[in-house]
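See the structures that follow.
After this come two complexes, each holding chain A, first together with chain B and then together with chain C.
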Partner chain A sequence: MHIPDGYLSPAACGVFGLAMVPVWATASRVVKKTLKVRQVPFLAVGAAFSFVIMMFNLPIPGGTTGHATGGVLIAILLGPWAACIAVTVALVIQALLFGDGGITAIGANCFNMAFVLPFTGFYIYKLVGAGSAAGSLRQVIAAGIGAYAGLCAAAACAGIEFGLQPLLFHTANGQALYCPYGLNIAVPVMAGEHLLIFGWFEAVVTALVVKYLIHTQSGLWIEGHTGGSA
Partner chain B sequence: MTLNRKLWLGIGVLAILSPLGLILPEYFKAGAAWGEWSPDEIQRMAGYLPSGLARLSAFWQAPAADYSWAGWPEKGLLYAGGAYILSAVAGIVLTAGIVFIIGRLLVRKTEKTGTH
Partner chain C sequence: MTRVYNRRPDFIARSIMSAAAFVKEATLCEEHARYAGFLQSLDPRAKAITFLALLVTVAFLEQAALIGLVYCACLVLAWASKISPGYFLIRTWVFIPLFTLGIVIPAMFSFVTPGAALAAFDIWGVRFVITRPGFDGAVLLVARVAASVSLAVLLSLTTRHAELLKVLRIFGVPQVFVLTVTMCYRYLYLFATLVENIFTAIRSRVGVMPQRRAGRRVVAWNIANTWSRTTKISEEVYLAMLSRGYTGEPRLLAGFQLRLRDLVWALAVFVWCAGLLYLERR
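Showing the complex of A and B:
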């Protein structure tokens, strides 16, 4: 889901880069207000987890690959705004040092994986887990469902961004200037492969870590993290 | 063992296991992620190379592109896996370090305003 340089037009890159500015500003403001000093090391571990879990490319035999992101997990533990900052840093390092995702596409990639993904996942988790007791099976399942929804929503966004390019940017004879595949291909493929395969991996990873961490009281959780007590 | 230490141990285990993300796609003959093909692959798949894509795709030359560097993948799986693990460790340290610094800068300011 790391859109490389050249797949999005400079105009599209500009739009997403600009759209992320107020998101990052708000993330800084909210994190400044809500995160505690003792939670900062946990946010750092969360960002490291996001970085490394994205290196676990899962194959669709004979086809493409995909991966989990850990973004919803961080959102459940430390809040979606904190997750936004953590995943943004992971994406910037991946683009700059490892060429995973484009420099020009950093705004779009952050929009998908550092904004749409943690927020969709967090609120679906809140919705499904509403009223559940801390540590209950329902809370763990809600975390998995949130993670699944977050990854699939981000993939669908990436599909729309890919798919809009040939529609908006093409030569007089109809050849695409950037991503050559339109909405009719990009959206079903991106959403489909994540709904069918990669979303489940993100769900299982997130649910397992939440299950493991749910009883820890080391100040890891944001206040009111359980569905019911919020 | 403190929770923080346990979590870092887990990250270390993931870094060591990370070459699975390289080996499994190869074993199951899976190509690039959808929409992350090289210009050559696009040319082959779409029948032409979009001119804007050709121009922008070389916008940035990452120092450790594809979590590896020149020469190592050709020397076999051990080197490819080793480069992947070293890339994972470098990425983990940098990402966690930068997030830690950002977090401390943001949170320290809150304490100055006297919430405690």
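Showing the complex of A and C:
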């Protein structure tokens, strides 16, 4: 889902970069207000955690591998605004130092993975788990559903961003100037593979991690839920 | 997010260990940034701004030949910066441009991009037609992606990573964000080592990493375990920061110095970018 340089037009990159400015500003403000001074390094280490999650590759039925993105998991653990910053930090480091995701596409990548993914996932998790006791099975299931929905929503956004390129930016003879696949191909492909394969994987991993944390750190789990910056 | 699934039984452990080794190498090595080459001698701020200008220019260019000029300039800059051509080509072409080359192939055909026929052939009685707009669009996309990746890799290879992250300040990124990025970067090495140790411990006790369903469970457990360590490490980091005088307000050391050659380089790049855009519009 990391969009490289060259796939999106400068206009699209600019629009998503500008769209993310108020999100980052609000995230900084909310996190500064809600995160205690001693939790500032927690954010940095949490971003490193987000980066590391993406290293866990697993075989998936069908002959491919996938990795968890962890955006919804971090939103559940730290709150969606803190997750927005943590995932943004991980994406910036990946783009600048590891060449994973484009530098000009940072705005679009952050929109998909640091905004749409954690917020969609977190609020669906809250909705499904509403009224359940902290650490209950319903919260585990809610975390899985949230992760699935968050990832699929982010993938659909990426598909729309790709699909709009040939519609908006092409030459007179129909030559695509950026991503060549229209909405009729890009959206079903991006959404389909995440709805059918990667979303389930993200859901299972997120639910298992939440289950493990509930079992091993019930105190921290409850504290995390009361101290989240949602 | 997808890779070809290797069916060897220790796939999970091998893929995680190799990812951890790559992160460790990338975060620790910075070998090329220490060479006495041309790009290494430039101020990181001047380099970051000019490379961003080049990336934006490449994004605006619609002629593959002009993008090819930028790519050739990347090869010359790599040579002037003492980066071996073989290493640079492997680093830039694997994985993104080759992946792009793979995914644009269907877009060359008439069923995705209609237009004047350039070439046609039959496979099992089915007619495949490569169209002119499809082919030109594919060439343009691959050229743009290759040039962009080359620019990004050059910037990352020839600049010390800590300096590159500090440069974010000149783009108006808030200090607290830059502090978080630089701190996060420092802990990547630690986490990569942590992940390696976890899987070495599992292999030393079990022999082989469990696969499929059990493998997913082990991976989930280890992500959770990494999170537990995260919370402990962050507390230790906070105490270490307190002992060094942290009061809640982040401060970053700047230490950059702009010289005449940086200004000349920046001017030359901006003039070149303007020239490319002029040729594009002519």
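Here is the rule we use: the second predicted complex is superposed on the first by the 193 of 230 C-alpha atoms of A that agree within 3 Å, B and C clash if a C-alpha of one lies under 4 Å from a C-alpha of the other, contacts with A are read in each partner's own complex, and residues count from 1 in each chain.
As a working rule, a residue touches a chain if its C-beta (ideal position, glycine included) is under 8 Å from a C-beta of that chain, and two chains touch if they have at least 3 such contacts.
Note that the coordinates shown come from a computational prediction; the quantities given were computed from them, not determined experimentally.
Residue contacts after overlaying the shared chain place A:77 against chain C, while chain B stays out of touching range. By the document's definition of touching, of the two partners only chain B reaches A:186; chain C does not. In the superposed model, A:204 lies in contact with chain C only, and not with chain B. In the superposition on chain A, contact of A:47 is made with both chain B and chain C.
Applying the stated contact rule after C-alpha superposition, one finds that A:97 touches each of chain B and chain C.
By the touch criterion stated above, A:32 is placed in contact with chain B and with chain C alike. Where the contact sets of chain A with chain B and with chain C meet, they give residues 1-2, 4-7, 9-10, 28, 32, 37, 39-49, 51-53, 55-60, 62-67, 85, 89-90, 93, 95-99, 102-104, 171, 175-181, 193, 216, 220.
Of all residues in chain A, only 1-7, 9-10, 28, 31-33, 35-37, 39-53, 55-67, 85-86, 89-90, 93-100, 102-104, 158, 162, 169, 171, 175-181, 186, 189-190, 193, 216, 218, 220 touch chain B in the complex they form. Interface of chain C with chain A (complex): residues 1-5, 7, 11-12, 15-16, 19-20, 23, 26-27, 52, 55-56, 58-60, 62, 96, 100, 104, 107, 112-116, 132-134, 136-138, 140-141, 144-145, 147-149, 152-153, 155-156, 161, 164-165, 168, 174, 176-177, 179-181, 183-185, 187-188, 190-192, 194-195, 211-212, 215-217, 219-228, 230-231, 233-235, 237-238, 241, 248, 250.
The touching residues of chain A, counted against chain C in their complex, run 1-2, 4-7, 9-10, 13, 24, 28, 32, 37-49, 51-53, 55-60, 62-68, 70, 73, 77, 85, 89-90, 92-93, 95-99, 102-104, 171, 173-181, 185, 193, 198, 201, 204-205, 208-209, 212-213, 216-217, 220.
Touching chain A in their complex are the following residues of chain B: 2-4, 7-8, 10-11, 14-15, 17-18, 20-22, 24-25, 27-36, 39, 42, 46, 48, 50-67, 84, 87-88, 90-100, 102-104, 106-111.
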